[in-house]
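Structure first, commentary second.
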Amino acid sequence: MLEGTWYLEKHTDSLLFLHKIKRHIYHGRTAYQKVDLVEIEAFGKTLFLDGKIQSAQVDEFIYHEALVHPAMMTHPNPKNVIILGGGEGATLREVLRYPVDRATMVDIDEQLVKLCEAYMPEWHEGAFYDERTNLVFADARSYLENSNETYDVIVSDLTEPLEGGPSVMLFTKEFYQVAYDRLSDDGVLVVQSASADPYYNDFVRDVFVTLREVFPKVKVYHAPVFSFQMDWAFTLASKGRDPEEVAEEEIGRRLKDFESKLRFYTEELHGALFKLPKFLKEALPKGRVITDENPPVWFS
Amino acid sequence: MLEGTWYLEKHTDSLLFLHKIKRHIYHGRTAYQKVDLVEIEAFGKTLFLDGKIQSAQVDEFIYHEALVHPAMMTHPNPKNVIILGGGEGATLREVLRYPVDRATMVDIDEQLVKLCEAYMPEWHEGAFYDERTNLVFADARSYLENSNETYDVIVSDLTEPLEGGPSVMLFTKEFYQVAYDRLSDDGVLVVQSASADPYYNDFVRDVFVTLREVFPKVKVYHAPVFSFQMDWAFTLASKGRDPEEVAEEEIGRRLKDFESKLRFYTEELHGALFKLPKFLKEALPKGRVITDENPPVWFS
Amino acid sequence: MLEGTWYLEKHTDSLLFLHKIKRHIYHGRTAYQKVDLVEIEAFGKTLFLDGKIQSAQVDEFIYHEALVHPAMMTHPNPKNVIILGGGEGATLREVLRYPVDRATMVDIDEQLVKLCEAYMPEWHEGAFYDERTNLVFADARSYLENSNETYDVIVSDLTEPLEGGPSVMLFTKEFYQVAYDRLSDDGVLVVQSASADPYYNDFVRDVFVTLREVFPKVKVYHAPVFSFQMDWAFTLASKGRDPEEVAEEEIGRRLKDFESKLRFYTEELHGALFKLPKFLKEALPKGRVITDENPPVWFS
Amino acid sequence: MLEGTWYLEKHTDSLLFLHKIKRHIYHGRTAYQKVDLVEIEAFGKTLFLDGKIQSAQVDEFIYHEALVHPAMMTHPNPKNVIILGGGEGATLREVLRYPVDRATMVDIDEQLVKLCEAYMPEWHEGAFYDERTNLVFADARSYLENSNETYDVIVSDLTEPLEGGPSVMLFTKEFYQVAYDRLSDDGVLVVQSASADPYYNDFVRDVFVTLREVFPKVKVYHAPVFSFQMDWAFTLASKGRDPEEVAEEEIGRRLKDFESKLRFYTEELHGALFKLPKFLKEALPKGRVITDENPPVWFS
């Protein structure tokens, strides 16, 4: 039936999506954002923040596995990990698959995390209750600036830097220097970097060029996220190993313990993710350095 | 401005796309299908057939390069190539980049091909006028059944097998046997195989399983097509070489002559395209054999 | 903001409405229908049943006053009134403005009435708790067939007769004969009759022609209902007075007690409602008689 | 079929209309406005200007008859008539049904009028070629200010006064004084005045109050225009007769010659159009005077 409630998403000024809503789970507003959690036929439970799709039950595993595993595998033995953002708890879930000592998650929006905890157990799968978890409600930049801990992996799982939004100052060169300083010698930072498509890739270009100002090794990789209707970009910055030089055999060995839990990432796929379409490879160096004075510009 | 004409595409029953139309180029109907050619801000000129996006100026190169080059490179030296379907002429364009003797294109819809020739020169780039081109307006199955030529590469560039549509009988085991018989010893068949996504991948499964009944080597690969809003699947069936065993060095050498014309495919990307997400790799063997008696079922 | 939840209404096959939802109040399903109660900027609280707008806070008064008052005024002194359907309680509210002894409301959908009672007090304004109210949950046809009461006014406030829906058998000649038999000598029946527009007026034609088979005086009148996006038709069938012959002065006198509560109906407007556009006047006699064997056909 | 091209109309910020397009007739832009002429299933040929529906084949007669006849009948014997705006030629068509000596139509947009002439013969029905017609392409305000003719009826058939648009200065007190001065002693001015609905009626209130500053008799009337999805308001300002005092008998007599051509207006309907819903009658005096210094504000 065509009639009923639909979620309208403005993908771009010239492309609107209408998602048929099967079930209304939660509609409300936190101190930071508008939250709509609904069920959609093809996507299952789906979370929209401020009108943009954030995560869908049917394929959140693609995004979260693609975000976490390349970085974790690039570090030889991560023990202390921090996640910036990460509301739903699925990034935390993937990090905890490794034998880490401690996984800190810093999200500014406590209400959102509580909503995810209550309504989206399929995402966190209990990760919030793992004894290695350290859940902090704070601005991630301040938290990291004031921390004196050393991390092996930093996972930047932030919403896009909408003007005036809470994540704007978490994509700048100055912030990446803070992240660099908090990382151990083999430390790795991974940043979700929005669209990898031929038309809208300004953001990943800028993140790439900015991270190159701070880190010795910076690589962009990509994964097709079904519910985002896009090929998605991630930027991995490493103080130690090059992610493309980690042996398939090592990845296979380390995956053994939890391989059966994964649905996207494999040791064979690891290297392939870093092979970019020609247009994207050629576009990346054309970005500009994002700084506190020239913060990111988001297109919507 | 929100007001004005939009193209509504029913991606699925629960997901509608609305594309803002910037310019109307052609609206009409051929003997086989409804044709809408419009200009869209982010996509440029965009062709819709029977309400489904077929090709967009901004990224048609992704689809057409991904369709043609892996197959052409898998054959060591293709001289005689046939394209099934291929209306816009861009598949032909990519085939003609190679030193072939002859490229036959068999499309059932002459009016559509004439429209593409007149209104979409950015696609064919004059390929229709190349002296190696043999343009035939006929049902591709009959044509191949009645041919006694031998081809090195067959490119199946057909619309999805909508019930009652002209392409239904071009995806069956019986037809693939005809294709096999018309191929030379190192012959390669490539079939565009629709969505590679976690929710809608029944079609590529079935094509994969069906081709395995006929060909010794069958591999699925994928490429993210921006304007299709999806990761797209292709199935490559080979009588000779395994596509994953073609050396990067050989591809690089053969690409030299026209590398500058490509925007998606590179020798490095070739192998990566064949690395599949785990869910897709595991899903493929679960397809069913498509036969003339049990033709493909399309989900829309 | 364009993004967010919208209610899609299929007005016709070639006209869709999208209503931006400001607040979600209730989404669910009763034994008989899908219920969506939302708040919309321009309409206020708005009730949709099975995907069709039923009532909007901003202008429910137009529909309910137009439905009730012409019929009540056509009867010289209505004491016993029955409402068929009437879920929200606003028809009951308008009936109770008169010095009636008893107002019976027969609605098949108890869950819906309870939802309206709880969530839509602006409609019923306590009418459910008036001591003259007799609320019955039953099929209105059976109820009337088995009743031996005599009514002065019968108000048919039913949803459109969607195939297989509960109201189909409440628009037939046989049923109108039952209604006739239950009415007192000056008795009046009024039937909400859907669109009065030039393109979609088949239904009111049929109701008109059918009622003329049973009642001596039948008149169609109309009122523009903002939230229905249409001019709306009502059919009044009378055993006694002709509605157009009731004196403005009488109406004015009877209105005195509750005039201040009304926002649409006035004594001056009464007669004007019965003056029809020429196209509608000429179309009415072209209807066909609806019978139990040939039930109404609804266009959607 | 849901797929294909649709016209999106922003009725309000919280209500969008999508009209399925059956045939594309013309898409373009004049010096003054964006023009889209399409065919729609339920509406027939439909003209959109700057994204707003202007006229639909199926019911343009409602709007044009309602605009012209009450004014023409209020004047006892109109001989010289001027139309401000009136692009499609249908207002002219209705004026020419009377035994006038001359009908001047002043429209600023020559290209639009030529498009209407060529593509919309169902509207003008040859009115442009009547020898009594005087077609002028000019700004209507300047034209009237510089005219020294005397008119019996002035018909203001203008698009809504969108900010910066060409009609803004044609709704002010100063302009209405110019109109007054150009009218004969029994002269009548009628102004199409947008929505008559309970939520959006600010514009008709302001037009009403402004005209009362200049004319001795001012009356608002209304007609439900199907394709506008609204009850529509018109304001009639008279130097001579009160429109409600013109006898039905006189109207009937004058209609005789062309009664068969009309599909909306009848002598019986004339008076009924002036009977307003209570909410509208009470709202009208609350308008504010529109002046050159405080031009109309349009809500969209």
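Going in written order, the chains are labelled A, B, C and D, and every chain counts its residues from 1.
Quick note on the criterion: contacts are C-beta pairs under 8 Å (C-beta built on N, C-alpha and C of every residue); 3 or more make two chains touch, one makes a residue touch a chain.
Because the structure is a prediction, the values reported are computed rather than measured.
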Next item on the list: Could you run down the chains that neighbour chain B and chain D together?
Entry: none
Notebook entry, point to check: What rotation angle, rounded to the nearest 5 degrees, superposes the C-alpha atoms of chain B onto those of its identical copy chain C?
Noted result: 180
Check: So, what's the distance in Å between the C-alpha centres of chain C and chain A?
Finding: 54
Check: Can you give the whole-Å distance between the Cα centres of chain A and chain B?
Finding: 33
Notebook entry, point to check: Of all the residues in chain D, which ones touch at least 2 other chains?
Noted result: 2, 6, 16, 18
Margin query: Following the definition at the start, I'd like every touching pair of chains, please.
Written below: A-B, A-C, B-D, C-D
Check: Can you list the chain C residues touching chain A in their complex?
Finding: 1-10, 16, 18, 21, 23-24, 27, 34, 36, 38, 48, 50-52
Notebook entry, point to check: chain D touches which residues of chain C in the complex?
Noted result: 6, 12-20, 22, 40-43, 58-59, 62, 196-200, 222-224, 226, 229-231, 262-266, 268-269, 271-273, 275-279, 281
